[in-house]
Structure formats: C-alpha cells, structure tokens
C-alpha cells in the first residue's frame, strides 16, 4: 500500500542535506510551511539555498533558519517584508547572498524545472539591471531575456488537505507558490491541516496531484 | 454588469475571420466543442489554421470544417484517429498542410503564448526529424530544441459549467487541452453544459478563471 | 491657488478611469487604495499577483482571514465570481497580456515612458522587485499613480530616468495630485490639470516636456478626506 | 520447442516488473493492456497523457463515460485518489521527469537504445506522433513491449534503427514474446529467455548484439489466453 504519510514532523524533514536547494511555498505568511521550516532549522543544516518569494519574517519559519545560520543564499523576488529583521541584518553584514529575480520569472523558472524546460524567454527585466549578463534575443521585433530553470532538491509546502498518495488542496490565497514549488523539486514534503482517506478529495478538485508529492505530515493549524 | 453570455451559438462564433488561427480544445471526442465548430462551419470561413490534438473524426466538429473546405492547415500531434476520413482524404490529395508537433510540445507551445513566452527549450524531438531546422542548444551537457509559441486568434473550448464572468469547470478527462487553449488565444469562446449564477463555482474550484474567457454559450449536452 | 487632489482623491480618479469588465492589477502601496473607490455598480475584476481574481476590500468589522490576502499582505475579501490559482498561472495572466490595466507607483517616469520604481540609490538594504517588472511589460496599460513632485520638490516625471529601470517605454498614463498625463507616441500629453493650475506652472514642476491636449479638462474629484498618517 | 508468451502474457510480465507506488504511463496499443494485469494488492498509479492519474480498467458491464477516456480514446474507470488536470500539467509530469516508467510499442529498437515507433516509410498517410517523443525522453525508464520479430521475421531489436527516431538512447528495457532484454551502458543484456530457447537462436533472431546475463532466468507467465483478434 502506498503511504506517504509521516508520523512526525521530524520524520518529514529527515534526510535533508547540507547545501541543499530548498524551494519554500508561501507568500508572506499565507501558505508558509512554518512547522516544516522550524523542524528543518532544529536539524541545524548548513549552507542551504532558500528559494521563496520573501525572506521570512520574525523568528519562525524562514526567519528561524536565518537566525540559526543555516542559509547561505536566497533566490527571491521580495526579501524585504515587515519583520524580515533576521534577513535584513545578515544581508547588510554581507553574510547572505541574494539572487533577486522578478516574481513572475521566479514562478516560471521553478515551473520550468518541473516541466523539463531548462530555459525560456521572457520580456520581464529587459533593459533593466536584472537582465545584466543574460542573453537577449529578438522574437517578432521585441527583445526577450533568456531565463534558466531553478531546480530544487527539496520543496517544503503547506496545504489544507492531503491524502496518503500525496494529493493536495489549498485554502484560498494560501495556494500561491505552493503548487509551483511542489513541481520543481526532487523531493516534495507537504504539511497539511488535515489528512483524508483516499478519494476524500474529488479528482476534479485536486490541485497538486500525487505525482508531485513524496511526504505528507499532518500539522495542527 | 459584466455579461459574457451569448444567447445563441451563432452569436458566439460571430466575427471569426477567414485566415484565423483557431485553437480547439478536446482530445478525441472528449471535450471537443462540437456545437461551436458546427456553427463556425456554417459560416463557411476560409483558410483557417486549426490547432488541436487530433484532426477530427466523422462529419461533425472539426470534420465538418474540413468537409466544408474551411481549413488550410493543421497544427496537431495525432491527426489520424479512427474516423478521421475527411482529414485523411484531403491530406492524401495534398489539400491540407500539416505541422506535426509532439503532444507535450503542442500543449507547452500554446501555454507559452498565453504566458508571454515566445520560445522555450525542450528535450522532446531532439535527434528526430521533428527537430529538423530548429535550433539545438546545450544545457548542462544535454541537447534541447528551441520551440516557439503558437498564438491563437480564437480558442473554442468545451466546459461543463460556466458563469457570466467566464469562469469555467470541466468534467473528468474532458478537461484535457481546453484550459490550455483558453490561455493561448486573443478571444476565447466556451460552450458549456450549464450556466450558473456568479458564485455558483467555488473560487477554489475554478479551473479556467474568467480572465481567459470572452464568450460563454449554453449548449445542451 | 492650485487645488491639488489628496492621495485618496487620486485613487478615486484612477478608479474612475477604469472601464467595466477590465481586469486590473494594483501595485503595493498607494495603488492598492484604488480598490476602495470603484464607482457604485461598475464591475471591475481586480487581480492580485498572489493568485486571486475578484478581490474586494475587507468589509468594515469583518474578521480578517490570514489565508486571504493581497499583494501587500493585507487582508481582503472576495466578490462572487472570484477565483484562486497558483503563482505560475497568476503570472501567466500578467506576462501573457491578459491584464488590461495595472496601477503602479513610481520614483521616476521618463518622457519616453520608462519606469523606475523598485530601487533607490545609496541604500545598504537588500533590493526587492516583486512583480513590478512582470507588470511593467505584461499589462496592456500601465497606469502610474504618484505625487507630482517629491518632498524636496523634484519632479517624478523626468526627461530621462536616472534610477535603475523597472521597464522601458511601458508607462501609458500618469495620475498625480495635479495632473493626468498620457504618453503618446510623440511625447507626454496633459489630459487634465488641477483647478487653478496654469500649464506653464505644470511644465515648470515637470522634468519631461509636456504638451497640453486641445480638449484638456479640469482634474477634479469629490470631497474625500486624505489618508490618515500611518504610524511607523 | 520455444514457449513464447502471447501478448496478454507479455502485458502480465511487464505489469509484474513495476514496483508499488510507481507512476506509469502506458502507450497506445499493446501497452495499454498492462493495466489489466496489475498484481492483486499492488498499488501502481497509472498516468494517461490526456490528464488522468489513477486510472483503472472499466469494470465489466459498467457504463462507459465519454468524458472519461485514456490516451487510446477507450473508456476507463478511476481509483480513489485519482486526479484530473489539463494537458500542460500532464506533460509537465512527463517531460519534467516525474513519470517513473513508460511502456511503449516499437517498430525498431537500436542497440544503443534508440527508439523508432511513430513513422513507417513509404506511406501516403499523414504522420502522427502523439506523446511518444515526450515520453521517450521524459520518463525515467522507457520500457518497450513488442513482438520479438515482425510478421516477416525481421527483428525489432536492431543494430541501428533505419526508421525515423522517436528518441535517441532512451530505451531502458525491452519485453518481447521470447525475452526480456535490458540496455546497459555496454550493450544489450538478456535477463530472461523463453523456455526452450537457446541463446544462439535468440541472437539469431535479434539484430543487435546480445550478451547473456550470468543470472538470467526463464521467461514465464501464468496461463492467460491470447487477445482475441480485433475486427477491422
């Protein structure tokens, strides 16, 4: 019987190695997999690359990883949010690398990794500093920038409901980056508010299908 | 008040011009917008390019457009299906152009048009005749082919439920190419089995959001 | 005496410029305020880049839901007909040309439509860009909402941007406290000027070269109180 | 006397080679038959490229639903836990390396793992490729299911493909009526041979150079009737 359900949050994050590229779902606090991130921080990993829209806030979740000295580099679109003090301080001291990428390009680069596309062209960032060093190419008279896929080792996502195969659904706007991150990593770990029996999610209503998910752990909301 | 609902199928297909590139949803007969295609054929358009997975079967839908002499060119992955007699005959007589593209590449090229991506790289078709004349580029030691977006003038799709804003849901595997086609065209026209009040589709369960749909017409199943 | 609009009135003016049925994205900051001034009975579908279509302001006294927020991470509410989707789909809408209008703030708008709104010079803090660059090229119309002059009096609409660009030649219309200016192929055209403002004075307060439209109108708005100063 | 498997037995053999929990795509034609021989109690999640995960065969006597079909346009049924999604997402699964195994038919398999299965020569009829090229490179393992020799006796496993390729160096394992052959870095290794078959005869009936694994086994299957001839 297929069973991707982990009994404890520690089991869920076991095996994540130093130096891993971690894709993290969420936008601000909505959909941020706080419990998984805290459990990961407790393992005291080193030299992680965190790929997420924001660079965390407060001392939980991504903030806890930063404070624990676990993060070497961020790839994100908007690191500065209210309460991103941990990030701000370490960035200003030169202790964190940052690869800034526009939000749409970030989402598309991760989807690309999940979809077998190593590179694609986009108008976004043409003629701006974020296009520096990137190939520019003309299609139908307009310039486009070549952007490359971001491949994750692990994705940490938060969902509302999950089942033992790994199907997931999300609540309202907490969906955001979560389904995208789930596509782009070798191993996807989901914290869910509720585990239901197989078939408890209507097949038309599955948002992240089981194929993109490796571990599921129930976490009280 | 926004109201994308057309009262008749003729209104729904009004204004489609000769020479248009038409994206057609469906996979085999599942999800094929037969009523819209028949109504389009009745207008006797000329020189259409049809982009769809199959080249129709029988004398309804895409078959009716072929028999009516409306089609100049197909872009599809699998023209030959049981009963694709109209296509087979005209193709063998040299009366139809065919651009064959792998099914995944077809879906991705149309999504690309809808997502502002003029071109992307894929492994699919490398070292095969379908890569001939296309740029090949190496990423991380592997060859990839450059594929370009397919931009539709009009998309014809079939959905189960729609509302006056244009939100759509689909039944089971009749979803297939429909949401993709809806993204890739300037104008998207949906035939739906049922029109519901605004709010009748849960916001988490919308599959094609209103922004991708321009006209909705109810057609008895 | 120039009757400049306050920021709420500018938001009102922008909201009134948007047609029924338009799909509209509002940038973080001043632009999000446009949501509060949609004319009674006009259906406009607002897009939030974090995966929302059909948002509306949170009702007075309603309980905020942490899972229902806008791009500025503020709680919102939903219209019937709204939809949720993930970030790739959300930015396919933006980058694929499906958004009719986006409303953004600006540090500088160039005479040629260049936009700079993401990076100030001489700052130690980390850069942040969010969805601004995606919107600048992706939306069919890029509306800018800003004070006409900064606190030091320097014009926001300039001959040529000096700050790092968000997008080149992308701005289509600028709404300030004293004017509505459209970008035409041959330059910046003043469509509306505040009561009591002379064109010469407007030109003086603007870095770009302006042209007054023959059918220019007075920029007016109903009596709306200015926003309260936010505590920092 | 060589005890070759019939086509249903080959489908059984392939089904038994797939691990629990695997995500598996079945090509149109012979491979779709694998669905009927999943070992009792083993959970395998079958993907159909038209946007289905978790399909199972239509129950005997059940009403087919025209909206629920597989890649061969045949009616199917669903396991609890299944999901529907659109074509771009479906092929993201295929092309992004998420499918563990795909099972395809073949006209020719080259000694280096090249696959030709979409285009016969000297035909006036239109070419058709479907999802074969996406699967050939996208799936982690590409299993081929075919008769060892064509009606004219010509081998399907050849030194070098002469037909237009579906994908280069992509095949990982071949299941025929008389052998199971794995592609190793240094060539084709015979893992199983039918009862009564000598390696020399197998080599003679094969275009590619074969090597017999030290731990090779007899290719056997339970007694299953061959498929009925389909009316044309």
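Chains here go by letter, A, B, C and D, matching the order in which they are written, and residues are numbered from 1 within each.
To be clear about the criterion, a contact is a pair of C-beta atoms (placed from the backbone, for glycine too) under 8 Å apart; a residue touches a chain by one contact, two chains touch by 3 or more.
Treat the numbers as computed from the prediction; the structure is a model and nothing was measured.
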Next item on the list: Quickly list, by label, the chains bordering both chain B and chain C.
Entry: A
Next item on the list: Weigh A-C against A-D on C-beta contact pairs and write down the one with more.
Entry: A-C
Notebook entry, point to check: Between chain B and chain D, what's the gap in Å when you average each chain's C-alpha atoms?
Noted result: 29
Note to self: On a C-alpha centroid basis, what's the spacing between chain A and chain D, in Å?
What the structure shows: 35
Margin query: Report the inter-centroid distance (CA atoms only) between chain A and chain B in whole Å.
Written below: 32
Note to self: Where in chain D do residues touch at least two different other chains?
What the structure shows: 84-85, 88, 91, 94-95, 137-138
Note to self: For chain A, give me the residues that contact two or more of the other chains.
What the structure shows: 108, 111, 115-117, 122-124, 170-172, 175, 203-204, 207
Margin query: Chains as vertices, touching pairs as edges: which of line, ring, star, complete or other describes this one?
Written below: other
Notebook entry, point to check: Of all possible chain pairs, which ones touch?
Noted result: A-B, A-C, A-D, B-C, B-D
Margin query: For a test of understanding, state which residues of chain B touch chain C in their complex under the given definition.
Written below: 1-2, 111, 113-117, 163-165, 167, 183, 197-199, 201, 203-204, 206, 209-212
Next item on the list: Name, in rising order, each residue of chain D that touches chain A in their complex.
Entry: 20-21, 23, 43, 45, 47, 53-54, 78-85, 88-89, 91-99, 137-138
Check: Which of the residues in chain D end up touching chain B in this complex?
Finding: 48-52, 65-69, 73, 84-88, 90-91, 94-95, 119, 124-134, 136-138, 164-168
Check: Which residues of chain A touch chain C in their complex?
Finding: 27-31, 53, 55, 77-82, 87-88, 91-92, 98, 100-105, 107-108, 110-111, 122-130, 170-180, 207
Next item on the list: State the interface residues of chain B toward chain A in the complex, per the touch definition above.
Entry: 108, 112, 115-124, 137, 139-140, 142, 144, 148, 169-172, 175, 203-205, 207
